[in-house]
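Shared between the two complexes below is chain A, which has chain B as its partner in the first and chain C in the second.
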Partner chain A sequence: MNTSLRRDRQDLLRAGLGHALNLGLPLLFVVIPILSFVVVSFWTLQDGQILLIPTLANYRAFFTEGSYLPVYLQTVGLSLQVTLVNVALSTAIALFIFRRTPRMRFLILMSFMLPLFMSYIIKVYSIRSILGQRGLLNEAMLGLGLIDQPIEALLFSRTAIFIALAVLYLPYAILPIYLALDRIPANYLAASADLGATPMQTLRAVVLPLGRPGIAAGAVFTFILTFGDFVTPQMVGGTQGFTFGRIVFSQFGLALNWPLGSALAVILLATTLLAVALAGLSLRREHVR
Partner chain B sequence: MKQKAPFLDALLGLVAGIGLIALYAPLLATAALSFFQIVRVRGTLGFAPFSLDPYVALLANGEILAALSTSLVVATVSSLLALVLALMFAFYFVSARRGLGIAMQTMVFLPFLLPPIITGLSLLIAFREIDLGRGLVTIIIAHVVFIVPVVYRTVLVRLQLLGSSLTEASLDLGASRVQTLRYVILPQMRPALISGVLLAFAISFDETLITLFVAGSQTTLPIRLWAMMRVGFVPEINALATLIFLCTAAITFAIGLMQRAGERV
Partner chain C sequence: MNWMSRAVAASLTTLTLLSSAAAVAQPKGEVRLLAYEGYADPAWVEEFEKQTGITVKVTYVGGVDEQIAKMKASNGKDYDVVTIDTASLKAYADQKLIAPIDKAKLTSAGNLLPEFRDMANATFDGATYGVPWAWGSLGMVYDKKTFPTAPESWEVLWDPKYKGKVISLDDANNAVNFGAIVLGMKDPFHLTDAQFAQVKDKLIALKRNLLTYFAGFDEGTTIWTENDVVLMFSMGELAAINLQKKGFDVGYAIPKEGAVGWLDNLTVSAGTSNPDAAYAWMNFVLQKKIGADMAKKFGYGSTTDAPEGMDYASRLIWADNPEDYTRRQAIWNEVKAAE
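Entry: the complex of A and B
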């Protein structure tokens, strides 16, 4: 009796420690940091000092001051553009992989995923060395006599950022779309064919609708990653590539305005959450119908 | 099984081909430029003959090598720490009440789902609140926070596949919990553990966006490269890029093989 009581207590202690570690650590290192930056966004910056006076001034600044709102809108536009193009390309590529034999699928999928594991910063650099004014693309076209002068628009422009982001984040859309297609049972396709559907009809009526969750996930990943990226625009966009992410980052570097930076980051976070919610909503509506 | 549709397949194949070229052209161009540098002779451009000069220069570049060793230390320490934590979280998820497990899991996944810029700056602010100076420690903490979800996911899938019967049998046969873990569960999970750690290592080694916030004066390899590229062109970068390209390809291939082997078991 006595020993079993002691064991009970030991078990209780162990369980308590388990909860403390498993819930406490994520709370400490994930949730509290996120909360703290939201809190900082309501603080006041005065003469370079952060004062614990609650204010909405940082959020007001976003709407009224300088170029925050225009840059925000431009960045949303750019990210949406990349998302649209990449999802279209990725759907085609995922379909291409899907229509191969099972043995080939893994190999082709791997070759599209491999660049994902390549150094991010080196990929940005490589893309820059191709697109740049003295880059391979310009030099090749000059060499072939296609152009007389290097096309300056290829580097340090919105087009350059667009191309770089599209190339960098392409695999992130291919994977979820392919995985969604991969889950479609083979006999659905057989049934559709048996019922007399042409391949295009099967594609439109069976494959693409069932692939929707993957397409939505791919779109969300692409949007979130391109919208938050602040290194690529800087590397290939130069002073032209002033995106919202860069503005946020600069508040923690040179501009050194943490409360404003936090407020802008809250807006960035809210935008990505909105994107997730919209994607979820579009799926649910489809489901009801 | 699948209907033939030559036109559709040709169209999809074309897009896939363009996609592959777009993904690999930058990497291949960099590799080519590391062996054949571009030179300009009287306004016209040409390639210098094959040379390994950039590789020699790389070996003599102390800054890059120092950053490389920092990155290796960070990636090793943080992926091993992440493994321990991921195992703990995975066991908690399968044993604790469902609600608590899901609460834990949601928190653990957050840093991987949020844009890296958010994870980076929230950790920066938290470190500042507790007066933890930026350096090696903050980089490692940030990397662990970011890669735990990846290892956790890999480990949990394998653990759930394993089921509880082996554990129960082992406990019934009189093994202690520690013995069961050491001799029954962990050996069964080895492929998942190894591929999880390799994946975590690769992600940590490459992490740039979060590290930029928490690095301070310490520089990992991506941060060093970022700083160098802002200044201008350095031929060593092409050499280094090529070497990293080959290493990651090898590691990725190993992960792929291991995960396939793991599925077959």
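Entry: the complex of A and C
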């Protein structure tokens, strides 16, 4: 009895330690850092000094001052566009992979994931050297005689931001969509065909509905990554490359406006959480039906 | 205190004594530099490492904003020697990110040219925080084929004839300085509300003529080489030198309105773990031969060796602390967000 009690206590201790780690690590590395900037967002900046006086001025500034709100809305618009295009492209690519033999699937999937092994900055620089006025694309088209003058608007434009972001974040959408498709049992498709459905009908009635969680995840990943990116737009967008992430970033340099920067970061975070919530909601509706 | 912690304490004390004794004769370990490109040439690093046995670790930054963010992140504990421009020196000192210079340890101070010896613009409340090390200007780089003689005025950057062929530095403070200088304002570092409005309009007008903004020397030259660019509001002489090295026929000019001049100082981080190594590096680079080598390789003006061909120092407007960084950043954000 005594030993079993001791064992109980040991189990309890071990379980407690496990829980403490499970809860403690995310708390320490995720929740506390996030909370810390939520707290800073309510502080006051006066004459270049950060004062611990609670205020809503930083949030008010977002709605009323400068160009914060217009740039925010523009960035949301840009991210939605990229998300839309990427989800469409990725779904097509994932379906393409899904139709291959198992061994081919792996090879094709890997080739699409390959860019993830490269540094982000290197990819942005390569995109830039491809799109530049003396870049690969212009030189090739000039060489082939397709154009007489280099196309100037390829790089340093909204189009360039759009292309660069879409290319950079495509793998993040392909992977979850493909994984969702991969989990569809083969006999569902066979059953659908046996019941006389055409491949198109099977796609619409079986494959896509079952792939929805993956599509939602891909959309959320693309939106969050695009919305928070403050380097790519700046590097390829020229004078149009100013996005919300860049405004947040600019508050932490010599401006030393940490309270405003934190408030803007909280708004950024809230936007991405909203995207996650919307995706979750759309999936839940599907289940009920 | 039990015997074990006593033993540990004793051995630690001995170790500290030993290592500090060794440090006076020959500082060892590592010196971590936070510097702009060109401030830690591999040839100097190699010679220094051979001479002293101290390992050099360099972190490069592209701009003032990035640098202060890096320093704030660890309160300076990640770096030993930081090169800081005169204009931001006070902000670093006020926030206690850098420590006052211990002149007794600065054995190379005698090498400084007379005009840099008093270190007046690096002294606050009687303490000196920086040793002048390199200077230069934020001048114009121009394509010599398009402009056989250097353009006389900065206004050429606004000329619609060169629309889409102009690039400009992305730096809130210097962009505002630049706008103010082009508009002929006497004190570009302390602007009134009306002047701010004028500068903002001028910079928005410039934006419409730009191909893009750039940050850092490398980005400026990369964009120049990959695109059809003929004019640049540059980060300095190095931009022209880098392009010339790559075979581009470019010139460097200070137009009649003038340009911002900068003076970078060697400073000791307040969070340094190895001050002796920090001073060893500073004393090493303050040699005349290093200054001359820097001028030759990177086009920076040296403070220990009178630079050749840099005859425009009198037309430069030496950088000063601006009235309000936060405001300048807000205005720059509005310029960048403008259609």
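Heads up, the rule we're going with is that the second predicted complex is superposed on the first by the 258 of 289 C-alpha atoms of A that agree within 3 Å, B and C clash if a C-alpha of one lies under 4 Å from a C-alpha of the other, contacts with A are read in each partner's own complex, and residues count from 1 in each chain.
By our rule, a contact is a pair of C-beta atoms (placed from the backbone, for glycine too) under 8 Å apart; a residue touches a chain by one contact, two chains touch by 3 or more.
Treat the numbers as computed from the prediction; the structure is a model and nothing was measured.
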| item | value |
| --- | --- |
| Joint occupancy of chain A by chain B and chain C, clash or fit | clash |
| Touching partner for A:L254 - first (chain B), second (chain C), both, neither | second |
| Chain B versus chain C as contact partner of A:L21, first or second or both or neither | first |
| Touched partner set for A:L45, first chain B, second chain C, both or neither | second |
| First, second, both or neither for A:L281, with chain B first and chain C second | neither |
| Which of chain B and chain C A:L95 touches, first, second, both or neither | first |
| Dominant toucher of chain A (residue count), chain B or chain C | B |
| First (chain B), second (chain C), both or neither touched by A:T239 | second |
| Partner chain(s) touched by A:L170 [first = chain B, second = chain C, both, neither] | first |
| First, second, both or neither for A:S129, with chain B first and chain C second | both |
| First (chain B), second (chain C), both or neither touched by A:G66 | second |
| Stretch in clash, chain B with chain C, out of 79-87, 133-141, 169-177 or 205-213 | 133-141 |
| Chain B and chain C footprints on chain A, overlapping residues | 125, 128-129, 235, 252 |
| Residue ranges of chain A touching chain C (in the complex, touch as defined) | 45, 48, 65-67, 70-71, 125, 128-129, 132-135, 150, 152, 155-156, 234-235, 237-239, 241-242, 246-247, 250-257 |
| Interfacial residue positions of chain C with respect to chain A in the complex | 63-66, 68-69, 88, 91, 164, 170, 172-173, 207-208, 210-213, 215, 219, 222, 225-228, 324-326, 328-330, 332-334, 336-338 |
| Footprint of chain A on chain B - complex, ascending | 1-5, 8-9, 11-13, 15-16, 18-20, 22-27, 29-30, 33, 38, 44-45, 85, 88-89, 92, 96, 100, 103-104, 107-108, 110-111, 114-118, 121-126, 129, 141, 145, 202, 205-206, 208-209, 212-213, 222, 225-226, 229-230, 233, 237, 240-241, 244-245, 248-249, 251-252, 256, 260 |
| Touch list for chain A against partner chain B, complex | 18-19, 21-23, 25-27, 29-34, 36-37, 40, 89, 92-93, 95-97, 99, 106, 108, 110-115, 117-130, 136, 139, 142-143, 166-167, 170-171, 174, 186, 189-190, 193, 198-200, 202-203, 224-225, 227-231, 235, 245, 248-249, 252, 258, 261-262, 265, 268-269, 272 |
